[in-house]
């Protein structure tokens, strides 16, 4: 492991948009709630636009800034590289950071495609560093609690997973051609951006996916160029351009343990601002969760007394629940941003303990394999085995 | 059309289990709420077991009974044949009833397979009779209201349909091998029994399905023989037998109008007694509905005032809503059984007006084609076009 | 008890508006679902307007009609008098019916005031007849199930009852001055019409109320005359008239067992068509119920495993639940009208068994005493003891 | 106003338990999300126990600590005094802080009784300082949005307010006699602690309360001494002691504008960890809100199209909603702690702009008058006018 000075974890962050804000906040806020073994220090923020990165560094509280990420990696006062740039940059940066011996936190999806993900994964093998993929929703207390219940066998054998991530932010045809809508920058659309979250949750809670069959669609195929929308940078220029990523994706899955999965992700579900929901049914019970009410977990136990069986709505905010004791008394809810605090606590403890954490780049690789399989199955209009794809790229994960 | 005596519609019903009860009740209760042009008369109930059918006839209020359905068809005091027997008997009875010139109401699914469905459909062509498939959920006021909104273009272009029918009544491995779990009697399991309902709802609300790709699973493959469970007759005998139908099914669909569909039906979703739910997203809005709260419809309009956009929970019980004026004042809910009353009102008006009603056997045929496609796609592990299957059986529906 | 012919219970009904429809339907529909020891026969319907009552008798299925209720009471082919007329007629009719030795079912509220209620109660004392007050909501399966849980001590010592009956049907100032808005016909407004329901539910579930303190308000004090609105007859004439009953009422209550009650009933809660809801908190658990989702009961048990405590949403439609086995399989909901069927089943069994049923006129008297106390407390602006009021009218109920 | 150095607002905080944590966090986190005109600086934390206050100062990030609040007030490097100590200390500290010319933020309830509240209010009159009462729930975005709707007349004339604050944290009889259960420290129980929140919300949204009538109860009258429970310090000693505050309180209210209010607060509502909910009905619409789902606001508009009327569930997380633009994209929820950030933003802007903010100590005084009226009405068992009480203490607020 890298040497850590004065029980500090000095962070070099690349990218300062939505995820840059979320991560920066989490590093700053973490010590208030957690007695982490290392104190995160916002050492340097990196971005190409000097004016913008300097302003962001001031706003987020970074001690310095860089305009070249290679320069950042060379600095010996940086312990952890946190990558929140668009997807097409992940591989190059992650591999270089690994070679530089830095700990790495990378935004999801890990890569543009499976080939890249495999290269990333290879790059971190055998190195003395901790790597983590930023699937923050794993760290909602309700999800961690669901994981505990499932691990303890409280739901029995899992039969079903159904998950959907529904958004509606690009339904207006006038919404511009931002980078998330361009394949060469994002790799895919709803698939990598939001389907990746629900398949990661499903893998976390239920286990590995064996095979998938999917469909993808682009409802609005041409969009205007030249405008900025929120914190998502649009292509510069005039006129309109083609959307070459998926607006929506759905796929069927078979898990290695025999469970059936039904997944759907879309940016065209009017009225759903950010509905990330998952249901799991097992032989002994079920759970239901929804990000928009993320403090609640619905749990059903088949062995409850006859007549009194029903989904329990649990407000997962008690000291007995995962992570909840760090925050507020029962019934005083936390929000979206706290998923990042919980995730960083895990990362920092992993770094301090010199142990690998989850979700790691192995998870990123597996997630990418599923996504690649979904894309291929859309083309071949048939099922694709995940193991075959991993073999193609020469990876043996078990 | 058959001659109708004294503004009566004389019903001969075959089968007297769950659906026999539901239909019988609806005929009896209908005149109280509706000013139907014909009065249904429970003329004769038919079943093979004389003792049982006689008792059921008494209980349901039939004037007579028969033990041979062929004898029932010969009676000239019967205007409408209502068929609620297990699926493997539908084709023979429906075709004979059509030849006898009776109006016909048949339980879903229409047939054991597409071949049979096509034969049934052929049998009613060119005859002076009204045929209806008993997809009662179309007649929930909230569904009728959703249909109206969609037809008026209030949701715009439809992008997404997601529907699930979740039950949990056979999760106990000790639950016996009833007829619904035997392919030679039922044709399929969750597919024909409950997936048929959600695909019928989807077709009703959104339009025709062009192609599908699905998966099916049987989680418990062997079950005990010899016990009765509720009103579902188990195979007689000792020991155990094989379950050769699907416990669960899921499929992706592409609609002719470009919408994407995600469908799932299972009898293994612990905690879901009868959760039949459907969501539809369009360019201008969305709807959500759930049978267990069937009086509610959630509606979202994209063009609501900014800041005030949200799903409206509408209690579909006002006089202005479909069918609701026949029952109780606003906020006084109706239940499951009323879907049958509404359906029969449509049937009886169709008979009186000498017009074909919906869902007809054409719907049954189309539904069956989708189900057949799902089954085939499960075997071939690839997508199947509905039009190809209809062509195979020589049917041109457009 | 009166002699009952041929296991029939011959019903003479007075009044044929909303409650006439609800009761008529229930008598007709009852034998289909219940094996009641007596078969209800719709013998005669009574109303002053010959044309209207004749039409209603035809529509509801009564064998005959009367235009004078005294004449109805004289008929010896009537076993049960069912009274659904406006409130100001209850006392005279009930007392005469008691003197005629008929069984009696009377709509709520029992009387115009406590004096009348006491007279009614006296009139049925010592007579060989069964009397019932039509508080149908007691017979929602979820309420019966809640009663069972509370009776078994599953909620422990009861600390709190909070109940509200919220409607919005007269919010439009143009809504006419129907009889329910005139004190000389109705006795009170929201108090007798809907607050009576929630206080009856509370008494049923928790026990007797010792004292109350309330407030009442009339928001719209003048309304147009001369129009009919739905099935509620407006005053005949021109111009406008005064509303002299309460649009809204709220009161605090102390129960004899130490529980605290908070009650509110209003016809001015925009968006609430018919929200009759009650929550009860005890030392071991809680329940919540809402008429608009009447098949659901939310139950909380304090002794559930730590971390897994939460309200269970129970779909009270299983065979194991009260009354549910008479209807449909689990998850197939019933509606408003079924509360009347369940209530009539209790009444008919009581008549057959020669035992008094509940809610009886003793309940009506107690409810009326609470309502009278609320009215007085509104005037005196202080608390009123129920026992004092009962003593005033010379009634000792314990 | 006090002179502010370098655009800093130097905070001296007294008390470091639950509210100390919540406020400290908010000061620290505020600059990340808001461009406040002053930067809060955690200058000094004050508490009597040197070891404990030092540890808390370290944990919360204060630059120094004090063990005597009088000493804190003397320091000229403190601009704002933030008081989070038990209620019986508020008056003395606030008055001294006012005399010292500090800006003041005080936890609710403002005082032990009306007399004290009036003295506090007098103490801040005519001084060049900003005072605020920490009713943080006013600053939930959904509440601010509701306020906007009501102020714009979107709900019309307000008829009804019903609010309840339900908790269950002291239901176990073994829960110790913490300070919140002792009258000499807390002044009252559920009344001052949680009823104060809902009456403050009601006053904020609907206007002033004219008169009230209430009841209070202590269900468990004796509790063990000597244990610590969470962050609430128990009386030191052995054996048990008397609970002399209310476990539960309920009251009726009449607002000056004619609206009716029904309020209830209890710590004995099993299953309700922190259910602070409020509903408001007006002539044109209604709103519903619940702290446990604090990002949602349900809104009903009477003038929505017939048939499409229903409560809209709005996820109040869009840039267009109050405060939401400071945080995350739509559908990414915030939590309990953010109500404090929003509140502090208002306070800091008020200090910077030299304008008084709300809720001020005038609100504290009015809230206290209502609470005093509730207590008196419980004793006199009759209604109490708020204006009379304010006159008693010589305050004229209009």
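By letter and in written order, the chains are A, B, C and D; residue numbering begins at 1 in each of them.
One rule holds in what follows: contacts are C-beta pairs under 8 Å (C-beta built on N, C-alpha and C of every residue); 3 or more make two chains touch, one makes a residue touch a chain.
Note that the structure is predicted; figures quoted are calculated from it, not measured.
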Subject >> Pair joined by more contacting C-beta pairs (B-D or A-B) >> reply: A-B
**OP:** Compare the CA centroid of subunit A with every other chain's and tell me the farthest one.
**Re:** C
**OP:** Could you put a whole-Å number on the gap between the CA centroids of subunit B and subunit D?
**Re:** 55
Original post:
With chain centres defined as C-alpha means, what is the inter-centre distance between subunit A and subunit D in Å?
Top reply: 37
Subject >> subunit A-subunit B separation of Cα centroids, rounded to whole Å >> reply: 41
**OP:** Pull out every residue in subunit C that's touching 2 or more other chains.
**Re:** 272, 309-311, 315, 318
Original post:
Can you name the residues of subunit B that touch subunit C in the complex?
Top reply: 18, 22, 24-25, 28-29, 32-33, 59-61, 167, 169, 230, 272-275, 291-295, 315, 317-318, 327-338
**OP:** Would you tell me which residues of subunit C are touching subunit A in their complex?
**Re:** 145, 299, 304, 306-315, 318, 320-321
**OP:** Provide the residue numbers of subunit D that touch subunit C in the complex, in ascending order.
**Re:** 155, 159-160, 162, 164, 166, 168, 171, 213-215, 217, 219, 248, 250-252, 254, 258, 260, 262, 264, 266, 268-272, 279, 281-286, 300, 302, 309-311, 380-383
